[in-house]
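Think of it as A, B, C and D in the order they're written, each chain with its own count starting at 1.
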Amino acid sequence: MILLGLLIVPLAAAPLAFLLRRRRMLEVVNLAAFAIVLALAGGLVAVVLRSGPVSMWDGFFYADALSALVVLLSAFVSFVCSIYAVGYFRHEERSGVLQEAEKVGGRLAVDKLREYYALMPLLVFAMMLVALANNLGILWVAVEGTTLASVFLVMFYGRETSLEAAWKYAIIGGVGLSMALFGTILTYYSAYGALGTDALAGLNWSVLARNAAHFDKPTMRLAFILILLGYGTKAGIAPMHTWKPEAYSEAPIPGAAMLATGVLNCALYGLVRFYILSSKCLGPQFGSRLLILFGLLSMGVAVPFILVQKNFRRLLAYSSIDHSGIMVLALGFGGPLGILGMLLHMTFHSVTKPLLFFCAGNVQQHLNTDLFRKAKGGLIHSMPLTGAAFLMVTLAVTGSPPFSFFQSEFTILRAGFSGGHFVLAVFFVSFLMLVFSGFLVHITDLVLGENPGLPRADVCGWKKYSVAGLAVVVVVMGFWIPAPLFRLIQGAVGIVVGG
Amino acid sequence: MLPLGMIFALSIAAYLAGAFASLACWRKPALARYICCSAALAGAGLGGLAAVLGILRGAPVAWSVPSGIPLFAYSFSYDALAGFFNLALAIPVVAVSIYSFGYLKELEGKRNIGFFGFLFHLLLLSLTIAFTAANAFLFLISWEVMALAAYGLVTFYHEDRETRRAGLLYVIMAHIDAGCLLLGFGLLIQASGSAEFASFHKAAMQLSSSQQTAAFVLFFLGFGIKAGVIPFHIWLPAAHPVAPSNVSALLSGIVIKTGIYGMTRIFLDSLGGVPSWAGLLVLIVGVVSAVLGVLYALMEHDLKRLLAYHSIENIGIILMGLGAGLIFRVAGHPMLAAVALVAAMFHTLNHAIFKSLLFLGAGSVLHSTGTRNMEEMGGLIRPMPVTAFCFLIGAVAISGLPPLNGFVSEWLTYQTLLAGFGAIPGLTRILFPLAGSMLALTGALAAACFVKAFAITFLALPRGAESRNAHEAPRTMLIGMGWLTLACAALGLGVTWFLPLFDAMTEQLLGQQVSAHLVTGHGLVLSAGMRTSGTVSPMVIAVGLVVLMLPAALLVAVGVRRFGRKRGPVWDCGLPGLSAENEYTATAFSKALRMIFSVLYKPRREIQAVFDVSPYFPKEIRFESGIEPTFEKRLYAPLQEFIFRFSSKMRTIQAGSIHAYLAYIFVTLVLLLLFGVRK
Amino acid sequence: MLTNSGLQLVLLLLVAPLLSGMIKTLKARLQTRCGPGILQSYRDILKLLRKGMVIPETASWIFSAAPYMVFGTATLVGLMIPMTTTRAPLSLFGGVLAVVYLLALGRFFLALGGLDTGSSFGGLGSSREMTISAIAEPAMMLAIFTVALGANSTNLSEMARIAVTQSWRFLAPSQMLAFAALFIVLIAETGRIPVDNPATHLELTMIHEAMILEYSGPYLALIEWGSSIKQLVLMTLLVNTFFPFGLSSDWTVRTVGLGLVFYLAKLLLLACLVVLVETTNAKLRLFRVPELLMVAFILGALALISTFLF
Amino acid sequence: MPFAPNPELGNRIITLMAALVLVLQIAAVGQRRIVSSIRIFAVQSFLLGSIAAVIAYFNQASHIYIAALLTVFLKAGLLPRLLERLVERIGIRREIDPLINVPLSILIAGCLTLLGYVVAESFYHPEETSARAALGHNTLAVAIALFLIGFFTMVNRRKALTQVLGLLSLENGLFLAAISLTYGMPLVVEIGIFFDVLVAVMVLGILVFRIGETFDSMDVSKLRKLRE
């Protein structure tokens, strides 16, 4: 029941948005829908914690701890973003940006808004489907769905640049996903011999996971490579990361935040599902080596771009490349510690990243630019709340204690050591150091300094409270993780490690 | 032991309360100020009490507080070492918090005192926890919180560009050292399977030699950066001066000591001793830091930068003792090691005290003149006599002159080094007396430097308008300084009474109690322990000085009575009309040394004469001189240069061409198909 | 102990001016001048004590404190070193390190006094004084360490006692080298040619004199007296640690008297040596002095190394 | 039915047609005019559809007929129409010149085919000598080759539309793999995938259209505003 609710509510909210005329209504519908989704997600978590995996329509939908975690995170992110979106778009409308976009699109400002408020639920629906679908084919379909929905988000403003970004996103994403599909097909093929009779349910993960040991190994190897590249593209792992800076810097802030957290989680979720199969079939070794390689590569690629970065929206994109690198690395390190580290990191990332985007959004709307060069610094004077939050979340996102990322990175490091990857650990840490330095240099220059005498910002309640509230959550996360959440994560770890 | 735990918890609570209370009422500056200072005072008082209890108790007390994070527990262990460092924390903090009552007053309305209080208390809290953490995770957290809080305080005047740069340099270096520690602890945790310090000792034994080397190097890097040893010192003279002076006092006084704490804790306790080459490395780094530190200090005429460089020097002196101790321990002389440890720790405590004192003094000078540049000061002893006196005491103490505390700890260090010559076989023994002579050089140079610092700041005629109409600091500030002045005197004269405080620590770390050996002559005389039988008694020296001065005073008094004494203009070899312009300046004072050590300083000077008719009759002359910041220029600048050039090159990857982007993926795919598929 | 201290104090106060007088006269004779006569220093001090003094308007209490410090430290140090007997009265309360650092304390305040008046000569003097003494320090320490390590103590009486037991030790190369090093340091510390010229008041060359330029009357007397005591102390240190002949090991009149005779004789010899150096050398440029002290440092290091080679 | 369905024969036919598809793919690489490459794609898709039909016939896998029909209808019918319509709307008749000149491109395509066979080789099990295995081995090689060559055309072509074509032909490779290796996916999945492909083409079409009218050029290599 909950599963259906999770899917239907957003699916219903989308067409509803098309019917509504007034902005306020749109906002209300969105908020309500995502609030319900969040509540349902909570319910799902409760159920899963109480009585193990839930499944529906003889295993067409299937939710274990891992899916529950992803559902929860996606729901949380979408709810927070919908709150922020209200303030964000009101400001956009006031400052006439939407009217510009509308000229390009040849439609009215409210239509523009409606477009967003209709797309967002669709995106959320796709994300939920990713997490809940048992059938790997459907999983793929859903991930493709997130891409299609978010392409429109990227081209939202209809500028030349946003078209360019959308094109790159669509094409690269398309190629990536077709690789993922190929991988899925090959997985099916490698399972085909082993499954025989129940071949009809042959793409259901729960079924595959049971018999993964007998799959055809070479095929599985090829399949995993393709899957890694495919979902890796979606997760923005180097060298498939190139679409990210473009897409993130063009999409409206709430959308970008969704891309950077929810969609990223979905992609990684798919990766993890297949990782489980491959490690059952081929043993963890094969997957680990590739994952570690790509993880470190992504971190390494992100570093120089973060160090010399002119545009703070793109800075965020590279940070998310860095983070997905970290998570993939953690998956590669493997073992209970590594997986725990990865899932913790995913959780913290979903909580922290939106705040970073929101702060950047506030700053951008305040200065009407996303270039460091144009900003005179000293934002703390004109927008104390956002400024402080921005500094804080910068520290948080670069993994400095006492903020939560430190826990996950500490765990990942331990995983690395227990895997005996001392040198890799050194690389890992030094990349973290460099990212920290780069970030801090940029953000302090932005936030601190003499008062440039800008008008006072931080007035819109929606923006203020979403930032403040999320900031509180981030701080608290550093010192306290709700016990059920941790139990959930451990359950997920159990699924990945033990099966 | 309940009371200890209680008191400790209370002091932590005081800091926490102070942090949030002063943040809460940031709109009412005066209230925030009172809350901040009094909470700090309370916390420090309780902390000091707890420290004394902990030291006297000896045997460690451990608590474990369940943390909200299921992965880790916050476990504390209050042993003698922790107690000692908490004491070294408490004494200056008491002074600083009293001082701040007056010092922060001028900031009211100008800056957000509430936020200052928050960071200030966060710093104190993290320091306390860092000294008592028994768990790598908790330690690292407090370590980093400390760095961040300090960063916030350093950049408190963030409008100033120099300040921001300094802060960044500081926090980045701090983060790098945290990274080194992270790796180091990673090794130990991997070996022991737990993050508790207690478990490391056994685990360290199982580490392979290469791992042990790696661990040592990582920890030495980490703690060395924090302590500001050369060549990782560049952040220190940048960051400490720009902070508010009461904070600088803490930064130089105690924050850098966390590095010393870490080395002691890890090298002696967790790793259970390090190979002798490592000890030697520590010793040599100590010597280098001491000598170079003081040499750079001599060239400064920014009062607070000068003091900052002296922190480097004193860290060097501490490391000499510590290094010697490490070597002795490996060589199987626990007793000597204990003496060396006492020397190092005692100097740590002393430096914490007199360096805070000096920074507070500099603070009140800054407070009344508004400048850090000594060339604009002078004659301040008349408007601000008390500050001058306190600063003088601090100067005498830090120059290691008898009978104050600086002398005592340096004396112990000398004795340790001398003993090393006898105790260590082989050629390395030569290093000990050589180190001793370098210590002598350091001491003498420090004396020279503080003659300059004190005289140029407080004596003769004022060189600038600010110092001409300077005023004495408010009473609270004077009280703060007075407290530390007393401490300097007490620890110097009464050293023999304080030595037993070290027994518990040496017992815990080296299984030796030395105070009995170090005290003779009816508890008045400090002796060098076993091998070399040197003795000294600061108390007697002080008394002797007074006694011997009396007859002289008598002579003078008689002379004055009969033949009179009058004040007259300065004779100055008969040159009339002395004015501030032809006074000796700080630059001039250090000229001789600048030329003697020009190899090191690479001094540059430029003289521009503005003249009408002929260059021989200049209207005005602009003189500018400076020295080359060797490490910044030769070591760090090129590194940064390289990183940034490389990064800029990398940016061509993201050149915007979708074909290139697709090509990356395509190539990756092909490569993986070629190499990935086969086993 | 008090009586011993009293005796030694008197000895110090009396012998110190005598010594400097002696040196002055000897030097004059060697330069075929008739010279002021051995007692001149006494006369100077007495004269100064009987003069009124002028205190510069710019000076603070530091200016007045300096003379007492110089005098006090010098005399205190004097009580810590063995002069006629191995058992110096206060030796228990401060070894050779204390001696060095107490002298430094005196110097510290004297330099402050020099700077306190604001006269540029004072500053010049202080700067040079502190510089040279700083560079002299390591050499001195090395030399002292050599001896101290031999005696396994930094305690002067102890060192002297050990030295007495093996009187011919000074023939050991290490001792020779150490002596040479310490002698150079002595020259530097007591401000004699070729490092400084006590007789000059030529602004370019003076060091010590420049510091005390503003002092007059009793203060000047104290400083002069103090520095002559300092000189005596250093020379005593030299003679008694390296040539411990005749040092009595108790306080009986006979031995002490004998020791006194020996002591004065040794001082005279050393004075001759100093004078010889002074007359045969010209004053060095200030920036050549470090080279000289470097030599001393090298000598000290060699001494140290040779202690455990031979 | 004049003759009983004979898998052997079926495999021969399928392999032949697959080879034909491959040849078409390579021909597409050499193609210069947009319209004709659209046509080639249509033919290729039609062939795939008929392959599906053949497989369905010889293995009595009835659900594959649906896949076959969908393919023929969508990929051979609808999509090419839409694309040609688009071409007319934007009115680009200009020659399209690849980044790499034609002969070299074809050479590369050849190499990629080889690579396909190499990869497929690595999991050809001589021990299980069933016809399916052999067929799988052959068609998989073709499928991989199709995929790679499609990918290569995307890298190689400047025009937005041809990149879309590349993407589609790459999907054809997948389709071939799906039907020939596993006799199609479960039906839901099939439909889902088809639906997705359709939507994707729509989206890309819209994008192409917008790009065309915003930049009045289809040359995506000119889209280089967003860069470091």
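The rule is simple: a residue touches a chain if its C-beta (ideal position, glycine included) is under 8 Å from a C-beta of that chain, and two chains touch if they have at least 3 such contacts.
Everything numeric in this text was worked out from a predicted model, so none of it was measured.
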Which chains, taken as a pair, are joined by the highest number of C-beta contacts?
-> B-C
Computed over C-alpha atoms, the centroid farthest from that of subunit C is that of chain D
Separation of the C-alpha centres, subunit A versus subunit C, in whole Å, is 79
So what's the Cα centroid distance for subunit B and subunit C, whole Å?
-> 35
How far is the middle of subunit A from the middle of subunit B, if each middle is the mean of its Cα atoms, in Å?
-> 45
Approximately how many whole Å separate the CA-defined centres of subunit A and subunit D?
-> 31
Which subunit B residues reach two or more other chains?
-> 651, 653-654, 658, 662, 665, 669, 673, 677
Touching two or more other chains in subunit D are residues 119, 122-123, 151, 154, 163, 220, 223-226, 228
So subunit A residues touching two or more other chains come to 167-168, 171, 175, 218, 222, 245, 305
Using the contact rule from the top, write out all pairs of chains that touch.
-> A-B, A-D, B-C, B-D
Okay, in this complex, where on subunit B does subunit C touch?
-> 378-379, 381-382, 392, 396, 399-402, 407, 411, 414-415, 418, 421-422, 429-430, 433-434, 436-441, 443-445, 447-448, 450-452, 454-456, 458-461, 521, 524-525, 528, 531-537, 540-541, 544-546, 548-549, 552-553, 555-556, 559-560, 562-573, 578, 580, 582-584, 588-593, 595-596
Subunit D touches which residues of subunit B in the complex?
-> 651-659, 662-663, 665-666, 669-670, 673-674, 677-678
Touching residues on subunit D, where the partner in the complex is subunit B | 99, 112, 115, 118-119, 122-123, 144, 148, 151-152, 154-156, 158, 163, 220-221, 223-228
Can you name the residues of subunit C that touch subunit B in the complex?
-> 9, 49-58, 60-62, 67-69, 71-73, 75-76, 79, 90, 92-98, 100-102, 104-105, 107-108, 111-112, 115-124, 126-128, 130-131, 133-142, 145-146, 148-149, 152-155, 158, 201, 203, 213-214, 217-219, 221-222, 286-287, 290, 297, 300-301, 304-305, 308
Per the touch rule above, subunit A residues touching subunit B in the complex are 167-168, 171-172, 175-176, 179, 218, 221-222, 225, 229, 233, 239-240, 242-243, 245, 290, 301, 303-305, 307-308, 378, 380, 395, 400-402, 406-407, 410-411, 413-414, 416-418, 422, 425-426, 429-430, 432-434, 436-437, 440-441, 444-445, 448-451, 479-481, 483, 486
